[in-house]
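Both of the next two complexes hold chain A, though its partner changes from chain B to chain C.
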Partner chain A sequence: MASADKILKALSDSLGKRIIQTRTLQPGKSYIQVQTGAHKDAVRIVLQEDNEAGVSAITGVDLGETIELMYHIRTCDTIITIGAEVPKKDAKIESITDIFPGANFHEREVSDLFGVTFEGHPNPKRLILPEDWPENVFPLRKEVSVANIPSKIGNFGVSKDEKHVSSEERLVNIVLGPQHPALIEPEKFSLRVDGEIVRGVEPRIGYVHRGIEKAAESRTYLQDIYLVERICGICNACHAACFCQTVEAIMGVSVPPRARYLRTIILELNRIHSHMLLLGHAGLEIGYETLFHYMWRDRELIMDIMEALTGNRVIASFITIGGVRRDLKEEDVPKIKAELTKLKERLSFYKNLFESDSTLKMRTRNVGVLSKQDALKLGVVGPVARGSGVNMDVRRDEPYAAYNEIPFNVITYDEGDSWARLMVRLDEVGESVNIIQYALDHLPTGPYRVRVPRTVPTGEAIGRVEAPRGELFYYVKSNGTAYPERVKVRTPTFANILSFVHIAEGGNVADVPASFVSLDPCFSCTDR
Partner chain B sequence: MSLDLNFVFRVLVFPGFAFILLFTMFCDWVERKIEARMQNRMGPIYTGPVGVLQPLADFIKLLTKEDIVPFNAKNFVFRFAPIVSLSIFVFSFAFLPIDGASVVSGSNFEGDLILVLTLVSIANFLLFLSGWSSTNPYSAIGATRVLTQLLGYDIPLFILALAPAFLAGSLNIAAIANKQYVPFAFLIPWTFALFIINLQAELEKDPFDVPHAETEIVAGYETEYTGRRLAFLKLAKDVQMVLGAAIAVELFLGGPYGPIFYGLSAVWYTLWFVLKLLIVVVVTEYLTCIFARLRIDQVLVVNWKLLLPLALLSLAVTVGVGLWLNPL
Partner chain C sequence: MKWARLKSPWVLHFNSGACNACDIEVVALLTPRYDVERFGILLEPSPRHADILLTTGVVTRQCADRLKRIYEQMPEPKFVIAIGACACSGGVFEGNYNVIGGVDKVIPVDVYIPGCPPKPEAIIDGVVKLLKSIEGGKQSGKR
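So, the complex of A and B:
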């Protein structure tokens, strides 16, 4: 563990003149702009200084003549951003996948949407856009307007050279998706199978890419809150919170204490909702229907609380820039507490079940093992990382909302198998219940929002939230108008999906659904 | 030869065809209701009193749906496998004494136990063929899983069925049922428990429902079936469930013979038979609810490394203690 200052010193010592400028994006978050070519050394130095660091996201920004690439590196308590610029005409930069394999998808995404070629990338295929997308149209470049984006596309996700039997002998290609009963959302995974054993996985995402980052640029900040909430239905409050936090950081607005507590409550409700949904779904994947029905029934308690708090059962539309949109009614507090107590009783039953049921353990123990080294190398986040013993949680590392005032534990398991990932979630539900109970007991009085102007001053900021599936990352750049210049969203599943390739390899075909569901994949988040 | 009305009635109405089908649908309803209540759901409630007509409504609905045969599906096998499979399961009931006598008088004979068990295996093989002829990868995998499992549980099932036959000194199902002054389930509970577990595999219920693993292979061998063929395939599976439970009742629970009856014996026999069968249905459904699905390799491990040796052991123990049990 190295503090940010030490890393910055190491950077300036070894890069010297190759650093163009250093500035602070927002308190505690530094931005180091380096010469093109020095970015790889810079990333390497940060990764060496902090052995648990990882590339959180790669953001591209169109600056007119050049494209700015930002490597956001997650360290123990903050984000360090390394910036490099490439000319638009000849957009080429060296890939960092050889020093950090988890950057694979991040680079492919930037390559798709900005047309930057990453030299030395092991698999520079399309990731987000369809195969028959026109060659030189890069949607997130400013010269591309919504009007000239092609409306019709044909062979989506089918490359011409795809065959059912791969060239290697004995290996058979089994295509999982885009439509498959184990996948609720459309995404394709080509499994190369030797008998019952998986030898390789080729993921292809982008089937539900809706261009939300581009759409956000043509809407006002207020409209964008509702837009980003629709990136993911289940963790909608996390997206809204993260976006609002980031915009508030640019504006320098501080949120009233009551609003911070109410945000914490809705974020934790989101987490319980998401985790219980997933645990029930995991039951269904391993053929344990009773578990599925039990879990989803108890999830109803949370839905009722959400309705009492926000007026909606799923999409909350609760958080806004400057606070929250509704106050919690005093008469609802005892009702919510009673339901939480009920949920807690149920949780001890589930905990016992997960620890003792033999058929459940037969299907999840030692299935889809992800070691700690691999978890760090692939840059996984959230319960997937914590199930492999990586102790990280944005709520503790970089507190937002009211998390700095509320005590809670970060749950980690060392096994790294599907069971551990499910257990992390089960225990986190218990922690979330405690957090909500504490927040309700210590709810400050006062206003629940401050009014903010519609236009946002020029600036840029990074926001991070621990969504149910892991670290959610936002980068917002403002140009001084009511419309953002750039909104970058890196969802937790986008960081986690690469690890599926790793955990499926060498495993049994029948284990693919069980290990896949333990990652809690959300494809509408992944594709945006 | 004049048409024997009694014969026609017994074959077509009671205890033959109509009774078996209606009773099957009733058992299906019981099964669904128990599973739903155990999983904290309502289960069927709308059709008929407490939803008891729901299985019939589902059946009729499927009959009216469009019948699609895949272009590549081998026509003859694909078309006829469900109906032949259903016929075999219904036919097997002819050897079980439901109201005290066989469906057709004189149809039971020494050795009909072996015939019934063989017929069940053949009907299961037809389920495999129905999936195999669908030319759909999911159906094919489901079908091979049926076959893989069939090898694993049929042998233990035969061995376990021999224990009651040994105690009764007969291979005639009616004679075995008749001999049980104390039901064999109480005399040799270890065999009965193993038989019920084996039945779970035979009926493709959790934890052995790998041929149906929805999240892996959609609906298994049923994937390509639609309309009336699907209706008959599902009915065949339901009749198989009742048949499996009925065999367990005949072999271990004393068949239709009960401790209390006066007056019309056929009514009491049927009542006892139905009650005992429902007990078996409840037990199998309970097991279904409390387990997760095993993987196909784990199922085979259970079949070959656990069930088969245990079945042999239980037969040996039964033969050993049989001398003391026989006077009962």
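So, the complex of A and C:
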């Protein structure tokens, strides 16, 4: 653990003249622009200074003649951004995957969307765009408009079947997805198996890629709130909160206290419903259907509260720039409290069940183990990291909404197996119930939103929110109009999906669903 | 045959690019509060056993072939229900670079259920309306 100042000093000491400029994006968040080629050394220095640091995201921004690449590195309490520019005509930069394996997918994504070649990348294949996507069209470059991308309507060639025998002898390829009973969403995983043992996994994502980052550039900030909420229907409030927070940081708007508390309530409701959904789904995957039905029945209590508070069961559309869109009705408070008490009683039953049930134990204990070291190396976030003993939580490390005023515990387990990841979520549901009860008891009076102008001043900002699946990261750049210049979203599931490759290898084929579901995959988040 | 189809329709759920909001409402249908199994509606994992295809979400470029292939694998007579604004018309994602549009751009749709996401009650209502029109002699693949 090292403070940001110490890291910045180490950077300027060792890089010297290779640093082009240093500036502050927003209070506490520094941006260091280095010469192309020095970025790798810069990243290495930050990772050495803070042994729990990890690359949170890699953002590309089209500057016209050049493409700016930003390496956002998460340290113990903030984000340090290393920037480097590459010319658009010859977009090449050295890969950092060898010093930080978790950067693998981030680099492949930038390569797909911006056409930057990462030299020395171990597997520079297409990740997000479809196989039939035209060559040399990079959708997030500014000169590419939707109109000049050839349409596919009426031209549905059926894609080729995957090979079932691997090039290596004795190994057989099993293709999981895109339509598969164990996956609710479409995504493809090719498992190379030797008898019952998984020897390798090749994920192919992008089936749910809707091009939201590009679409956000052609919509106003207000319209973008509704767009980013639909990145993921499960953690929609977190996306809205993170986007609004980032835009508020550019505008310099501070949100009224009542709105901060109401935001906390909706974010925690989101967390409870997401965790319970996953715990139930985990029951289904390990062949414990009763648990699925029990969990989902109790989850309906939360759906009722969401409906009372926001008017909709799933997509909340509750948070807006400058506050929230509607107030909590005084007469709903006792009802919400009663439902939370009911839920709390059920939680002690589940806790007992998860600790003592032999079916759960057999299917999840010592299955899909991810050590703390690997968790840091792969840059996983949220309950996956906390299940491996990494003590990180944005709510505590960089408080937003009302989290600096509300007491809560960060749950960690050291086992690193599927069971630990599920237990983290179960315990967090209890913490979330406490947070909501505290917020309801201490709800400040006053306005619940401030009016803000439609246009946003020139600037850029980074926002982070602890979504149910982990750290959600937004980067927004404004050009002074009502339309953003660039919106970058790095979802927690995108950071976690690489760890599936790691934990499935060497395991049993039958354990694949159990270990997979414990990562809480959400492909609409992953692909955007 | 028709009697069996009306009393116990087997449904297949496919997400061709949804945000998961409609998907979790489809799953919520199976759970105790809504429990559509009491009407004989059974969620099937394989397209080859399904009578009704429940689709959610816009159709992305990468999913279009898959959606078509799943539809072709289903035995006749087959019916398609588009759930949610995106599946009906493309919704908020209409016009994005990797998006083809609503489900009816790729396969014929019999019932449209609007909403973002529609409530489970609305989905049940849509299925019941489809069953009623099948009872009245509706043929598959035609509006």
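Rule of thumb we're sticking to: the second predicted complex is superposed on the first by the 518 of 528 C-alpha atoms of A that agree within 3 Å, B and C clash if a C-alpha of one lies under 4 Å from a C-alpha of the other, contacts with A are read in each partner's own complex, and residues count from 1 in each chain.
By our rule, a contact is a pair of C-beta atoms (placed from the backbone, for glycine too) under 8 Å apart; a residue touches a chain by one contact, two chains touch by 3 or more.
Quick caveat, the model's predicted, so the values are computed rather than measured.
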{"item": "Touching partner for A:C232 - first (chain B), second (chain C), both, neither", "value": "second"}
{"item": "Touched partner set for A:T359, first chain B, second chain C, both or neither", "value": "first"}
{"item": "First, second, both or neither for A:P468, with chain B first and chain C second", "value": "neither"}
{"item": "Residue contacts with chain A in the superposition, chain B compared against chain C", "value": "C"}
{"item": "Partner chain in contact with A:P492 - chain B first, chain C second, else both or neither", "value": "neither"}
{"item": "Partner chain(s) touched by A:A510 [first = chain B, second = chain C, both, neither]", "value": "first"}
{"item": "Which superposed partner A:R297 touches (first chain B, second chain C, both, neither)", "value": "both"}
{"item": "Chain B/chain C common contact set on chain A", "value": "181, 293, 297"}
{"item": "List of chain A residues in touch with chain B within their complex", "value": "181-182, 196, 283-291, 293-294, 297, 357, 359-360, 362-363, 508-513"}
{"item": "Touching residues (chain side chain A, partner chain C) in the complex", "value": "129-133, 139, 144, 146, 149, 152-153, 156-159, 178-181, 184-186, 206-212, 214-215, 226-227, 230-234, 236, 277, 280, 292-293, 296-297, 300, 303, 313-315, 522, 524"}
{"item": "Chain A-touching residues of chain B, taken from the complex the two chains share", "value": "38-41, 206-207, 209-210, 213-216, 218, 289-298"}
{"item": "Residues of chain C defined as touching chain A within the complex", "value": "13-25, 27-28, 31-33, 45-47, 57-58, 60-66, 68-70, 91-93, 95-101, 105-106, 116-117, 119"}
